[in-house]
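The structures considered in this document are given below.
The two complexes that follow have chain A in common; it is paired with chain B in the first and with chain C in the second.
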Partner chain A sequence: MNFKHKYVFLLPGLIVLIGILIFPIIFTVRLSLSGWNSFNPGLDFIGLKNYIRLFTDDPRFWQSFFRLSFLAITTVFLQYIIGFALAHMVWKDIKFKRFFRVLFLIPMMTTPVIMTVIWRTFFHESLGPLNDFLSIFGVQPPWLSSPGLAKVSIIVVEVWQWTSFMFLLMLAGLLSLPKEPFLAAAVDGASPFKKFIYVTFPLMAPISIGAIIIRLIEASKIMDTVFVLTSGGPGTSTETSSFFIFIKGLREFQMGYAATASFTYLIIMIISLTIIVKVLTKVLMRE
Partner chain B sequence: MKLKTLISALASVLLIGSQVAHADKWGDQFPHIAATGDIPGMCSYESMSQKDYSGRTLTINTHAIPVMGEPTALHAEQFEKLTGAKVEVTHTPAGDLYSKAMVPFQAGQAPYDIVFGFSNFINDWKRYLAPVPQEYVDQMDGVSASHKAIASWDGVMYQYPVDGDRHYLKYRKDVIDNPEMQAKYKADTGKELKVPTTWKEYGEMASYFNGWDWDGDGEPEYGSAEVMKKDDLMYAAFYSRSVAYAKNESTPGGFFFDLETMEPLINNPGFVEALTDWVDAVNYVPPGGINFGLGDEINSFGGGQTLFSFSWDDAFVAAMQPDSPIANQVGAAQLPGADKVWNRENGMWDAKYNQAPFFVWGWAVGVAGKSENKDVAFDYLCFFANGANHQADIGIGRFGVNPFMEEDFKADVWTQIGWDADIAQSYVETLADMEKSTNRVFPLRVPGTFEFNSALATGTAKALAGQLSPQEALDEVYAEWVSILDRVGADNVREAYAVGVKMEDNEL
Partner chain C sequence: MSLMLNHISFKPTEEYHLNDISLRFDSGKMYTILGRTLSGKTTLLKTIAGLQTPDSGSINFEDTDFLSIPVWKRNVAMVYQQFINYPHLNVRDNVAFPLKQRKMDANLIEKEVQEAMEKVGLIGFESRKIQELSGGQQQRVALARSLAKKAKILLLDEPLVNLDYKLREGLREEFKKLFNVSDESNSILIYASTDPLEAMQLNGDIIVIDEGKILQTGTAKDVFENPATAKVAEITNDPAMNINKCFIQDNSLIMNDSVQIQIPDELKSIPNGKYLVGIRATDIYLDDQGFAFDVEISEISGSETFLHLRNNNLKCVATIEEVKTYNTNEVVKINFDKSKIYLFEESGDLRHSPYQQ
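Coming up: the complex of A and B.
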């Protein structure tokens, strides 16, 4: 085969890659160096003005970033714990194993926006079923009106929706584990707890890292839940980076500045996730 | 003489009979206008039926159903039947209407022939919209002068008038006018229970009637339903509360900015006082009221959950519909005022009663300049707002079509759809008095309007959530407004703002 032929076969993929990945990134960078807004549409060149504004004069962006970090780490941590526990449960020979496996996957199969609307109704403070039930005990928590509880509500919805995904990956991992280490542990008389700590958990480390990273990438884009449940409120207490960028770009039409925030956010996420992978690998895969 | 009278009466009966028969023809075919039948005019059902737009496709981007989205779709369906045109209607959430039109506008495209939005988009949109042709403007005899002005820029009409909006007070008549409640309130507070004329009175009454079952339905009621959700027109609610303290007729030259210096006035003591009142209001809204958007506010007041509300007509009309639990138990009045108003010239409070109507305006619609179906588009809009459709639409609260025709300010229009005469009278008087006021405030229509309003919403939302004090919140808004002025250009903003100031200062 002619050496050049392989490039011909690579071309369709390359064109798609350039079209859907490379071009948007390059365009975003160019847009970030412009002052495109509702009054002044167009790719004028204003240098690093937007970046200077973002880094020196916009605490709201950084607050939303740290809020996002808190929400992402908390939700993924809880999803991992619960997802692993559920997977471990149905990995064993229990009654109705198949039924539970399907049941635990249902939240992931539902549409996030629709489910968040349902959760919003659930959390409604005067008309929602949750407070209706809790009023029996004389409490009616302000689920979406208190800055603290609004964050808790978002965490609950995210954990409910995406624990299934973690469950699926962890179950797949558990089902693929070799039997020999468990037989050896049984021969040595290891308790179930010790088996989990010294056999199951270390063997699951590579899969755990992969699952956590995939979920962290997704969780760092939390937008639909925030948009539907709280609109970033009360105040700005649940505003995340993606919601902030959405407001700046598509509400205020500061396209240039929104591009700056997007690109900065992308760089921060690439660096952060690289560090997180290294740390997780070091912690979970230590011999 | 008798014979002459008889012939005249017979002629009248025949004339009326022929009109009824004419009306019945269209009323039978289109139940929406059954009450009035067709009303003759350039864009009546009869006139539209003469047009043939077969093979033409009209695309419309409008709001989600029901508010404005439902009448858009309904009239599109009727228009299709009458003219043979195909009408494709896209429904978009309120927050995305601006960008959904603006993105293709800026890219030089026109995916929609007709775009719905809010009237304060006009400054940003006007360069992309086709002016309304003179023949359509000429037949708008019934449209109030203020709404013709609202739909125009520099004398050119860009937005076709389909809706007229203003904020005013809505209250429960069965409580405020109830002698037993008045006696109870007097005994408990030492004050008179009456329609509040100041925001302080509003707050006192709303606090008193908060959290207990005052209408005997077994459920607790609350003081006030307000739009407090950041991403849902809350800036308009704040302006409604601010005008009493910050719009001083004796200091013309700007409400939002000092037109001369373009210094933002948003953190002056007038606005801070209004925000302080609003932060107190968090204590007398229903549970979760801090997250109420416009739909929640309409449902809350319209569903009988609160004593007061203030915003657009929709909540009032919804509350007056036959299926409402509080039909004919609500009253309308001007927005409350204040016992003092900030004087920015001498930097002191003027100790006088001050009240200022806030013309929030409302839904607006235009035809894309690059549309290839301008003729069909303007005919559709003209049909949308024709006499029969308009009269049917304004009586349905969820439609979001509110009075803007001279005819609408007559009580008969409303008593015909079942309103009590005194309520209809108070309603039309409230609207008419706003038209007559010389101390009105109009919303910002300047480049960067969205940025200004978004910054205000963010700042006031922080205050409502307790993240910042009212003064800190408005200082933050001030700084953001200065920064926006810097980006957009103070002169560009001044040029556009001057038009609004002229209207506020009664020079236009």
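Coming up: the complex of A and C.
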């Protein structure tokens, strides 16, 4: 195989790759160096001005980033705990095992935006069923209009929606575990609790890391829930990075600046996820 | 101190896995459960360990009701036929696992682990991963773990069966030593095996089990010389003892039209009638004046040759003390060592053994 045009056959794949991945990234970088906005639509060159503005003069971006970190870590942590617990529950031989397995998967099969609309109705301050119920006890918390509770609401919806996914991965992991170590552990005097700590959990470490990383990446893109539930409010108290970029780019049409924020966000995510994988591997797999 | 099994039965499906088993195990002694595959050996061991709950019956150990104690609180160690270890731990942590469950002092654990690993010859492998070990070494790890626990009851479920021949021989020798050591700790040792030779070598009390029922218990010598039934005789010999229908008439033992032998003096008191005759494969020898048999299969095993023979409807297996290839359907002439003939009633019960006084 040594003929001249063999690389031609790579073209279809290469064109798709360039079209949907490489070009947008390069274009974003170029865009971030321009002052493209609604008054001045065009790829002019303004150097690092946007970056200087982002790093020195925009606390809102950094606030939204730390808020995102908080939301992502909290929701994924809760999803992991609850998902693992549910998976562990239906892993054993219990009654109606199949029924529960399907039941726990239902949230994942629903459309996120529609479910969030339903949750918004559910959380509605004066008309929602939740506050209608809580009024029995004489409280009517402002679920979506207080900065603290709005974050809680978002966490609840995210956990509800995506625990299923964690459950699915953890159940698959549990079902693929070898049975023998559990036989040995029982005879070796491990109580059910210790069996979990010393056998189940370490054996599940690799799949746990995988599941947590997948969910962290997904959770970092959180946008639809925030958009529908609170629109970033009250004020900017539930605004996340992607929502901030969306506002800057598609509401205020500061395309150049939004590109700067996107690219910075991408770099930070790559670095922090790499660190997280390293740390998780060290902690969970004791390596 | 003894472990008592009273009328244990376990019947998960139509068939009994354990059928009314009553046994007594004394501490400081070693027992071998001998039975074919699916005879209920593993089920019996799992029941003692607590991994399986019997349908009926009771187990008592040191005057406590064993069945009411969950498996992880029973002081039992078990080595399985498969090499079962913890894949996420290294060798040292594997051996230390049962000790760590007891919240023992770290120095003491280290000492016990070292001792156990020395016994099974694993020194130098402490920080290896389980997957990096060979099958024999993996089984040694499992063995070290069960020894380190110093359990009152040590259960070994065919621990050598999945190892290759040479390792098996080597480990079996070591087993004998190990068991002598653990004798001092006054534990009960129960070893399940399908191999009669292994059972005889280990030289403990033998419990013969088949289809979930106990057929005979006794010393190795006892079971070998005086098998209680024809079934026991088959299970406790490898190749299985040849059991064939026969009848005795006028001092001759008739197996079929052409194979008839004059019975020895000690059998002359036995009345005429139908019986089962049992002859060990090793008690059949080549003899030019003997009976003609066709060779069905011949297999060479070590320095011996097993001949599967047939004369009309009469089948038997003979062990020939030499390595020789026989062709299928070749005719060989054989004879039976008359002084080694067993007779069983038609029901299977032993009627006469050459070792009876």
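Convention: the second predicted complex is superposed on the first by the 275 of 287 C-alpha atoms of A that agree within 3 Å, B and C clash if a C-alpha of one lies under 4 Å from a C-alpha of the other, contacts with A are read in each partner's own complex, and residues count from 1 in each chain.
To be clear about the criterion, contacts are C-beta pairs under 8 Å (C-beta built on N, C-alpha and C of every residue); 3 or more make two chains touch, one makes a residue touch a chain.
All of these numbers come straight from a predicted model, not from anything done at the bench.
K.L.:
Taking chain A as the common reference, can chain B and chain C both be placed on it without clashing, or not? Answer clash or fit.
P.N.:
fit
K.L.:
Between chain B and chain C, point out the one touching more chain A residues.
P.N.:
B
K.L.:
Can A:Glu252 be said to touch chain B (first), chain C (second), both, or neither?
P.N.:
first
K.L.:
Of the two partner chains, chain B (first) and chain C (second), which one does A:Gly235 touch, if any: first, second, both, or neither?
P.N.:
In the superposed model, A:Gly235 contacts chain B only, not chain C.
K.L.:
Roughly how many degrees, to the nearest 10, is the angle at chain A when you join its Cα centre to the Cα centres of chain B and chain C?
P.N.:
If I round to tens, I get 150 degrees.
K.L.:
According to the stated criteria, A:Pro147 is in contact with first (chain B), second (chain C), both, or neither; which is it?
P.N.:
first
K.L.:
If you stack the two complexes on chain A, which partner ends up touching A:Gly35: first (chain B), second (chain C), both, or neither?
P.N.:
It touches chain B, and chain C stays clear.
K.L.:
Determine, under the contact definition given at the top, whether A:Leu183 touches first (chain B), second (chain C), both, or neither.
P.N.:
The second partner, chain C, only.
K.L.:
Under the stated touch criterion, which partner chain does A:Thr56 make contact with: chain B (first), chain C (second), both, or neither?
P.N.:
Neither partner.
K.L.:
After superposing the two complexes, find the smallest distance in angstrom between C-alpha atoms of chain B and C-alpha atoms of chain C.
P.N.:
51
K.L.:
Mind pulling up the chain A residues that touch chain C in the complex?
P.N.:
178, 180-181, 183-192, 194-195, 198-199, 202-203, 205
K.L.:
Mind listing the chain C positions that touch chain A in their complex?
P.N.:
Where chain C meets chain A, its residues are 49-51, 71-73, 76-78, 80, 82, 84-89, 97-98, 100-102, 142, 145, 149.
K.L.:
Which residues of chain B touch chain A once you look at their complex with the stated criterion?
P.N.:
Residues 95-96, 98-99, 102, 106, 124, 229-232, 286-291, 305, 447-448, 450-451, 454, 458, 461-468, 483, 487-489, 492.
K.L.:
Sort out for me which residues of chain A touch chain B in the complex.
P.N.:
Counting only chain A, the residues touching chain B are 35, 37-41, 57, 60, 124-126, 131, 140, 142-145, 147, 230-237, 247, 250-254.
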